[in-house]
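Chain lettering (A, B, C and D) follows the sequence in which the chains are written, and residue indices restart at 1 in each chain.
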Amino acid sequence: MLETNIASLKLKTPFILASGILGVSGSTLAKVFHAGAGAVVSKSIGPVPRQGYNNPSVIEIFPDTFLNAVGLANPGIDEFAGEVKIAKDQGTVIILSVFGGELQEYGEVAKKAEKMGADAIELNISCPHAHISCIGADAQRTSEVVRLVKSQTHLPIIAKLNPNVTDIVEIARSAEKAGVDAITAINTVRGMLIDIDAKCPVLANKSGGISGKLLKPIAVKVVYDLFESVKIPIIGCGGISDWRDAVEFFLAGASAVQIGSALWKGFEIFTELAKGTKQYIVENKAKNLQDIIGRAHKA
Amino acid sequence: MLETNIASLKLKTPFILASGILGVSGSTLAKVFHAGAGAVVSKSIGPVPRQGYNNPSVIEIFPDTFLNAVGLANPGIDEFAGEVKIAKDQGTVIILSVFGGELQEYGEVAKKAEKMGADAIELNISCPHAHISCIGADAQRTSEVVRLVKSQTHLPIIAKLNPNVTDIVEIARSAEKAGVDAITAINTVRGMLIDIDAKCPVLANKSGGISGKLLKPIAVKVVYDLFESVKIPIIGCGGISDWRDAVEFFLAGASAVQIGSALWKGFEIFTELAKGTKQYIVENKAKNLQDIIGRAHKA
Amino acid sequence: MIRKPKLIMIEKMVHETKSIVSLYFHYIPAGCENKDGQSTVPFTPGQFFMIWLPHLDEIPISVSFFEPPDYWGISVKIVGEATRALCGLHVGEQFGVRGPLGSGFEIISSPGIFFGGGVGLAPLRPAILRKVRDKQKPTVVNCAPCGEDLLFHGEFEQLAQENGIDYYFATEDGSCGCQGLGTELLVQVLEKFPSKTRIKYLAACGPERMLVKALDIAEKFKVLLFQASLERMMRCGMGMCGLCAIDPLGLRVCKDGPVFSGEVLRKCTDFGRKVREFTGHKRDL
Amino acid sequence: MIRKPKLIMIEKMVHETKSIVSLYFHYIPAGCENKDGQSTVPFTPGQFFMIWLPHLDEIPISVSFFEPPDYWGISVKIVGEATRALCGLHVGEQFGVRGPLGSGFEIISSPGIFFGGGVGLAPLRPAILRKVRDKQKPTVVNCAPCGEDLLFHGEFEQLAQENGIDYYFATEDGSCGCQGLGTELLVQVLEKFPSKTRIKYLAACGPERMLVKALDIAEKFKVLLFQASLERMMRCGMGMCGLCAIDPLGLRVCKDGPVFSGEVLRKCTDFGRKVREFTGHKRDL
């Protein structure tokens, strides 16, 4: 009832772990997968190791709303091979999130990811606080990076969009034209918290990306708009913390959803999401998940 | 201690009523002013009456966070003259918020507002849900509208910025170059709430603008960035509900702040804002408000 | 309480008059659900809901019934598109509810007089029923153009018999009760009170011109506390957009009201004279 | 509780050893302030704070003292830039506090044995003091390289005299107490227990290699419940970023821990062997 397809990727449930949440360790990724995720996205991985930003790098700003500037800390794709192997050995469906400084690096990392056995590539062209990864603010460059990665791997390619742009629909369309297989919407929204006693921004990087509860209405709007403008599947992401939130994204047009911040409370959320969504489908006399996707668009 | 200047506009307190909140009636504007506001901004007024969008047009989506799509409903500048007069007769410092379909209309409305006795003009080039008012997403058009209105009135001109853009700094800079006297940052952020039982967006206009608590981290980030890029005064706006929030904006670089959604609870907020801010200034051994503006930028 | 609409299912519908329908439903405001799914939302008679008809409109409608913890009723008069659609729904169908919003009547210890015209009885009814429950004996004055328009007539007659409330009613065409205007009947009722006792409380709701007259009457009879519930165009229903403000005090009908005291209303030059349209344009009532 | 840093003012500083300083302060977590400005935040010994040094760093530090409702202490060993800066502050100066975070020790009814190496005594201390308050008599085993590094030595000696706790201590150079490793002393202490009584509880904190040995010892002596507090690089401190995960169970030291039972630790191949750096790179301990 909950099966869904993201291009050639067949998922048992439409609930996917978002990138950067618990995505460093292969064992953890496997654990999340077996807790009921249809797939897991790794932490964004680049060509070489990166320290990322200093602490504070993740804080809670409102209940269940967070601000982070991790700065794409990652051990580099070569070292990450070991983690992918651990996850794959346990049957995990793993989407490797990829970023690069130069366009060419996206291609290199993706190629390596394919060799390691990743099931799909998510292009992180959207991180709002790391300068090296802001391709997603530009339609032209988005289409270039999609084309390039497409040419280097056979895996399904998902573009993760940056909401901090004037016209996200234009960027999604150009990614679609360039052959991207699906879109994840959205990454975090730029924000800042200043401590009035310390008289400075709290994050070491000063500003960061807002995730969690507060992001939902922004993300739902994007998914709703994209559903009317692109034909490829949309993966909703932003502020999902229970099945009602997930259903809101399905009605808006998402074929699957990613869960990030809400994971901090525990992995049980996947059970709750599946149970609640199934019950909603039954009570609303729908046949299956596909039947409710985009339903909010019908007058 | 709390005096502040926005161009030639001298304000007794840096707390300004934001546009669209209680801004329809001259009496109400006067009442808010006398409750302690340094100035009040009217509802955005256009050349002719506008119905705006149907209800639901304003709802609460999280505690103290709202979604609205009023759609620039207004009685038109000619009819509004009566309300301005009522407010002015009671000594209110009133900033008239202006919008238009064509650029030329901004000029016309502003000219009339000057005649009516408005103290300044705020250009609403930023409403995220009314198509006719999205000039603020484009640096070139922003600069055009500023130049045009400048040429038609002697009043100080404030540009209110749209946060739903890729590069808000660029737009602020072009407004500054065109001669704008100050900047208000920010207007609401695009969002949507879908009711999963009704299976449709709740607002009649489907999507709207997010205001209130959740807007604050987004707005603070913008003000912080603008402070490093423009020289004209910045009026912070977004999610201020107590003096701590206001101080956060001052430290980020705001010379004054606007309060919108939080007004729903009552006008007493102005007393609390003044008291708390004064106490903060004293306790932190600052001389006055000016002394803390932009303080978060000093290492 | 989060002031966003929540869909409820209609449990009962009562066709009160040819143009007024009561709808009953279970409802717990968003954000008020406690662990047991129960609610302890405070309600004051006189408060209202914003009623959402998906794809159509959201309109203010007073609470006309409340049985704690979560059983509510509204009574709706068909005057246009939204009210027609609402009254055309059926048991088991849904609409959205936001609230309760606004301020209510002050329920003082005096039994009080409740004066309603047409659907104006709706917000008064929870106050009257509360008085009855508290074994006080309120006086109810009901009026309408004709007999079949008298709202809750049967219910009040029964309350008069069984609970000893004082129930008076008038119709303009005389088809039921006294013939004449409600305000005329009100004067007669007030005159019945012993001349030395000062009347403590008069609550009124109905067409605004009627309320203006009722205030005149209340002042003439030196009623201690007069309160009336007003109607204005609304958007936010929570004191933010300012559309419902009445000048010159800048009071918000949705938040400071809809119930105002006679003392306050006297200072409102808009009272009985001016209302705002959806554009914000002010027109004669 | 909102997990964002809140600035506090240092009320008291105690230089415990030449490289360890305790800092005391009043603190109510953001979002836990109730109407009276008081707090009823739940705290379990073993939990930690993220300590923010504006413009410098935020680092995990265990709670080493708590007196309800809002008086806290931490004990910090200087090992690098952030800890040096923290210990260089003065009474009246400020730093940021986020938390308490993570899970703590299970405080079971048995008096228990508390085994700490160096600054590892810090998270154990609130548990020990709670036992003392509850008139139980815990056994404390303290060890350090040399006498002047023995944390809380004076305090525990006093508790031994006044409250009858069993206090043992060892130094590697023999400058104070027995000469030798803490684990050697631990074995001697365990051997003192009558051979038929099963030892119920052993809590340990210190260098991870020491903890590995302690677990071995606990198993050898068939201790019913062994718990140890681990350290890993941290960012979020609340179970989100995954940096502190220990494989293969994918347990988060900041959320599922920092306190883990011996049973769980046995399944962690990382325990005593691997830690992650800030990049996520896994290296040998």
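Keep in mind that, in the parts below, contacts are C-beta pairs under 8 Å (C-beta built on N, C-alpha and C of every residue); 3 or more make two chains touch, one makes a residue touch a chain.
These numbers come from a predicted model, not from an experiment.
**Student:** Enumerate, in label order, the chains that touch chain A and chain D alike.
**Tutor:** none
**Student:** Using the touch definition from the top, how many steps at minimum link chain C to chain D?
**Tutor:** 3
**Student:** Using C-alpha centres only, name the chain that sits farthest from chain D.
**Tutor:** In terms of C-alpha centroids, the chain at the greatest distance from chain D is C.
**Student:** Cα centroid separation between chain B and chain C, in whole Å?
**Tutor:** 36
**Student:** Measuring from the mean C-alpha position of chain A to the mean C-alpha position of chain C, what distance in angstrom results?
**Tutor:** The answer is 50 Å.
**Student:** CA centre of chain A versus CA centre of chain B: separation in Å?
**Tutor:** 34
**Student:** Quick check on chain A: which residues sit in contact with 2+ other chains?
**Tutor:** 61-62, 193, 200
**Student:** For chain C, give me the residues that contact two or more of the other chains.
**Tutor:** Touching at least two other chains: 55.
**Student:** Connecting every touching chain pair, does the picture come out as line, ring, star, complete or other?
**Tutor:** Drawn as a graph, the chains make an open path, so a line.
**Student:** Throw together a list of every chain pair that touches.
**Tutor:** Listed by label, chains in contact pair as A-B, A-D, B-C.
**Student:** Which positions of chain A touch chain D when the two form their complex?
**Tutor:** 20-32, 43, 49-52, 54-63, 66, 68, 70, 73-76, 79-80, 82, 86, 193, 195, 197-198, 200, 202, 204, 260-261, 263-266
**Student:** Show which residues of chain A lie in contact with chain B when the two form their complex.
**Tutor:** These residues of chain A touch chain B: 61-62, 65, 67, 137, 164-166, 189-194, 196, 199-201, 206-207, 210, 213-214, 217-218, 220-221, 224, 244, 247-248, 251-252, 280, 284, 295-296, 298.
**Student:** Quick check on the complex: what are the chain D residues that touch chain A?
**Tutor:** Against chain A, the touching part of chain D is residues 2-5, 7, 31, 50, 52, 54-55, 57-59, 94, 96, 98, 234-243, 245, 247-250, 252, 255, 276, 278-282.
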